[in-house]
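If you scroll down you'll find the structure; I have some questions about it.
Here the chain labels run A, B and C in written order, and each chain numbers its own residues starting at 1.
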Amino acid sequence: MKAERIIEAVLFAASRPLSIEEIAEAVGMEKKVVKKAIEKLKNFYEESAIEISEANGKYVMEVKAEYAEYAKKFAPVELKKSLIKTLSLIAYHQPIKQSDLKKLLGSNVYEHVRELKKKGFINTRKEGRTKLITTTQYFYDYFGIDKKDKEAIKNLMEKSGKN
Amino acid sequence: MKEEVILHILSEKENLYRKENIGKYIEIIEDKIFIKDGFDRAIATVFELVIEKQINPWEIDLAAFSSLYLKKVKEKGINLIVAGKILFLAWKILRLQSEEMIKEMERKEEEEIYFDDIPDWYGDDELFLQTQRIMKDEIVLKPKIRRKAKRKVTLVELINAFEEAKEEIVKKRAKKRKIISPVKMEDSTHKENIEDDIKRVMEKLSKLNGRAVPLKELFDEKDIIAIILPLLFLAKDGVIEIWQENFPYGEIFIKLKHEG
Amino acid sequence: MKAERIIEAVLFAASRPLSIEEIAEAVGMEKKVVKKAIEKLKNFYEESAIEISEANGKYVMEVKAEYAEYAKKFAPVELKKSLIKTLSLIAYHQPIKQSDLKKLLGSNVYEHVRELKKKGFINTRKEGRTKLITTTQYFYDYFGIDKKDKEAIKNLMEKSGKN
């Protein structure tokens, strides 16, 4: 079994960036060997729609940018639909009281707020007996929105409602 | 009362199923302050905790609660809105209890009935052997190794979700309104006639020179239902007086108050 | 852009078996073209640790069995070991009565059946006082087993036994 094939299987299955150390330890190879194998793999995938790219010393197998449009349709989304809905309501109404959000969503609100906070999309701070919820800088970065365009997004959401 | 429940929960926190939920409980309790009566609020709080699945429904003795509540109603009277809410919560708990009971019964039924029944494969050497091998983990299905990469949510998806969320909220509200609306519809159909009815009542009453008369002398039985609402309006505005001699079956009298 | 590269991106991103029809519709190609492209891709991946396998007319990209051991550590666990055992028993004996399965597994059976059903691997229907359990189409897709091939389940289990 060739080293690069073993590492190929690992990178494929992991679906997240892995460091040389992580890979070396998992497959029981020297870091040097892992590094060389990755170079070989990169060559193998040159003509493919997939590439092995590097960021911050970690390696990940992903679809090349020019094929991303096709791939997008089939890749599952990382947030559940119900969470996206809750996040969209927060983004539109922010700052919104948790108690007001509860009126819109029912008791799911506690779980959703906890999860969205854990994922870094929202911040909460105490306000009287409830919490006041706003979106974070990470939220704006994630959706590629300039925070200054906050109102533009609201307008966009509003317009979409009238169609 | 609110503080008492919070203190109770804080002191019992070691026994809570999920200690990290304390904040949530306190929020629920604080939400309950709209019920002014401490006793009612305590009951509602306990019931809500059950419904939020923080307390096992079977730990709630509904019969004990209801006799406690009845005693309280006898002593202090009843607030119908609060009682309605508590009744609704109790009903929900009863349903939770029966669901649990049905599940439990289903389990028992299967456990008891099939004890002596021997599966077919015990008679077949190969099937029996293979089954044993699976049980010993010697052979099992092997899951395929595939990617499970998930992608980011796009801005368009966020906007679409907003759209859907709004529609759902509107639908939910419409559904709530629908439950109340039959009454409202009736109101509106009568509204057009109400002024005519008031006129009719006033015409009849004005002929009596301020004398009190039994309602049924003035109107046919079938009319009474239609004029009840105008009568109430007039009474509320202080134009007429309505009273009943003997409750609940006695004669109802009406009388035009002296004008000016 | 070559057809096989577009389809490669799609198969890579989907992480679930896709039919020719699904692919053809999504990328706007004729079924014939998709089929031919998949054959080319299969060739490309011949020397790789990854393969494009087919079951029930659906295609999926996955790690070749001989590399599974290395990749396993990084792949997300979808079925606990105890659940796999229960599912193996169901697959082998199906249709099987829940009451018979209980004789093998004890009272765990209720929880396992509920969980496997929730994950979409099995179906149950009432039969007298018990339930009759069978595997679903999703089960066949997930394990890459051809539904028409009655022996396939046994073979797959035998193969895994030898590792």
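The definition used in the following text is that a residue touches a chain if its C-beta (ideal position, glycine included) is under 8 Å from a C-beta of that chain, and two chains touch if they have at least 3 such contacts.
Please read these numbers as outputs of a predicted model, since none were measured by experiment.
Asker: For chain B, which other chain has the most distant CA centre?
Answerer: Relative to chain B, the chain whose C-alpha centre sits farthest away is C.
Asker: Select, from B-C and A-B, the pair of chains that is joined by more C-beta pairs in contact.
Answerer: B-C
Asker: Taking the mean of the C-alpha atoms as each chain's centre, how many Å separate chain A from chain C?
Answerer: The mean C-alpha positions of chain A and chain C differ by 26 Å.
Asker: What is the distance in Å between the mean C-alpha positions of chain B and chain C?
Answerer: From the centre of chain B to the centre of chain C is 45 Å.
Asker: From the C-alpha centre of chain A to that of chain B, how far is it in Å?
Answerer: The separation of the two C-alpha centroids amounts to 40 Å.
Asker: On chain C, where are the residues touching two or more other chains?
Answerer: Those would be 12-13, 15, 63, 68, 71-72, 75-76.
Asker: What residues in chain B touch two or more of the other chains?
Answerer: Residues 145-149, 151 of chain B each touch two or more of the other chains.
Asker: Which residues, counting only chain A, touch chain C once they are in their complex?
Answerer: Against chain C, chain A makes touches at 1, 5-6, 8-10, 12-15, 18, 26-27, 44, 48-50, 63-64, 66-68, 70-76.
Asker: Going by the contact rule set out above, which residues of chain B touch chain C in the complex?
Answerer: Those in contact with chain C are residues 107, 109-111, 113-114, 117, 119, 121, 127, 130-131, 133-135, 137-149, 151.
Asker: So in the complex, the part of chain C that touches chain B is made up of which residues?
Answerer: Those residues of chain C that touch chain B are 12-13, 15-16, 53, 60-63, 65, 68, 71-72, 75-76, 78-79, 81, 84-85, 87-89, 91-93, 96-100, 102-104, 107, 110, 129-130, 142-144, 153-154, 156-161, 163.
Asker: Where on chain B does chain A make contact in their complex?
Answerer: Touching chain A from chain B are residues 24, 27, 30-31, 52, 145-155, 157-166, 168-169.
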